[in-house]
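Chain IDs A, B, C and D follow the sequence of writing; residue 1 opens each chain.
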Amino acid sequence: VARHTYLCPVRWFDLDAYQHVNNVQFLRFLEEARVDFLFTLAPREGAKTLNEGVVIARHEIDYKRPLHYRPEPVPVDIWVIEIKAASFTLAYEVHDGNVLYARASSVLVPYDFAAERPRRITADERGYLEDYIEPQ
Amino acid sequence: VARHTYLCPVRWFDLDAYQHVNNVQFLRFLEEARVDFLFTLAPREGAKTLNEGVVIARHEIDYKRPLHYRPEPVPVDIWVIEIKAASFTLAYEVHDGNVLYARASSVLVPYDFAAERPRRITADERGYLEDYIEPQ
Amino acid sequence: VARHTYLCPVRWFDLDAYQHVNNVQFLRFLEEARVDFLFTLAPREGAKTLNEGVVIARHEIDYKRPLHYRPEPVPVDIWVIEIKAASFTLAYEVHDGNVLYARASSVLVPYDFAAERPRRITADERGYLEDYIEPQ
Amino acid sequence: VARHTYLCPVRWFDLDAYQHVNNVQFLRFLEEARVDFLFTLAPREGAKTLNEGVVIARHEIDYKRPLHYRPEPVPVDIWVIEIKAASFTLAYEVHDGNVLYARASSVLVPYDFAAERPRRITADERGYLEDYIEPQ
């Protein structure tokens, strides 16, 4: 129904020698947004098992504008674009209201770390993820 | 004609709480391979200007297998897959001989940091990059 | 007169393979508290030049208890313990109310990056720092 | 009898916005030297248990000169300065032959992660550490 917005704190060391937020650190911001979405928010909304482990199968990211250091956090929108039997795809925008810094997506696979293998998405997980699908 | 192979040292802190090399740190490995390819190797082979600055326009990465901590470096192959007027695309494989950990590509834009704008690829740069195009 | 408290966000990747916040990341937290104290708060309170550059001469840190991942930030207290002609010493505590995780101190030297040399503390800087000296 | 020298690779992202190796990253270099000394070298020389876990109780570091980016690794000397019943102290120098960048020391405590408590140093561990005590 809606995107989730994570307010991602920027650290001074996210800057590289070019004095912009380093391109790889954007992926770190996405990780923080994902941890918030899957490990903190999901259990509160009934999906209690995503925080047992997911692995990343793929990332894509397009950089739109350089991001400078700022004491205030930068918003990262996160939402769901696809749910399959044993994987799902998240999309993200790192932005500042009407300024877009980066747009990205990640394919994630729920993973059973004890058995060391991927597992199917549960009904509770599907219910949670469906609430964050953005109609295209 | 040939891929360049960068032997990327793995740090213990590249591991995350799952005790695998963290997915974002793979992008850090690609950065190190790119720095070696564009800032160290290129000037020796006649392309002296790439180290004045390039910005990343896009990354794609597919994770194939988890990578564990190891004292020895992990090979990262890097090569060129496309050269346009003002951008070029690098491909990478993080591997261990016959075990592939990740495959990735990046679109890069030569950037004039003084003028704060992208610039065209020079003839010297094109000559260098063409030596590392892998025939498909 | 008073300590300044910076609420430091913890990132999931601050954890290492032992699933605690990595010891080196505590120094990263101190850096964030310092950036807040010297680059954000100081100019608001009349010391407009500290954000032009300071270099670190020394750190000491004692670790008291392991810190686990948490979505909420961890408080870092920061205050001044000594002011000399061309250096000053900050102290810090990373804590959670009555639980102390680490106690640390840093010697800092204002630095003129254009001239590439250390410089003396100005009267405005001294005035600011004196407001954060804790009587011993 | 002798210091151990770890050749520590420098990453481009170890630089911060001041274009020097960031002060916190020096602690990361010490960590890599320590991992090499305790987890890789020690088992080869008969101390097979240090890699089961040690925790850091304290660090001290003095910064002597700025370190710039370099493709070649920077030497980190590591040696032992004190061995007690349940802790030991390592010293380090990050240098380049006759140029000293930083000098540091760390107090370490062997830790039983299963029992979640510190443990005493074993005879094998003591034998290994004694080989790296530098006579003062």
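We adopt the following convention: a contact is a pair of C-beta atoms (placed from the backbone, for glycine too) under 8 Å apart; a residue touches a chain by one contact, two chains touch by 3 or more.
Worth saying up front: this structure is predicted, and the values here are computed from it rather than measured.
Two chain pairs are in question, B-D and C-D; the one with more C-beta pairs in contact is C-D.
When each chain is reduced to the average of its Cα atoms, C sits farthest from chain B.
For the pair chain B and chain C, the distance between C-alpha centroids works out to 35 Å. Put simply, the C-alpha centre of chain B and that of chain D have 30 angstrom between them. For the pair chain C and chain D, the distance between C-alpha centroids works out to 24 Å.
Among all residues of chain A, those that touch two or more other chains are 12-13, 24, 28, 31. Across the interface of their complex, chain A is touched by residues 18, 23-24, 27-28, 31, 53, 55-63, 66, 113 of chain B. Against chain B, in their complex, chain C makes its touches with residues 12-13, 15-17, 19, 22, 24, 69.
The touching residues of chain D, when paired with chain B in their complex, are 9, 11-13, 28, 31-32, 35-36, 39-40, 71.
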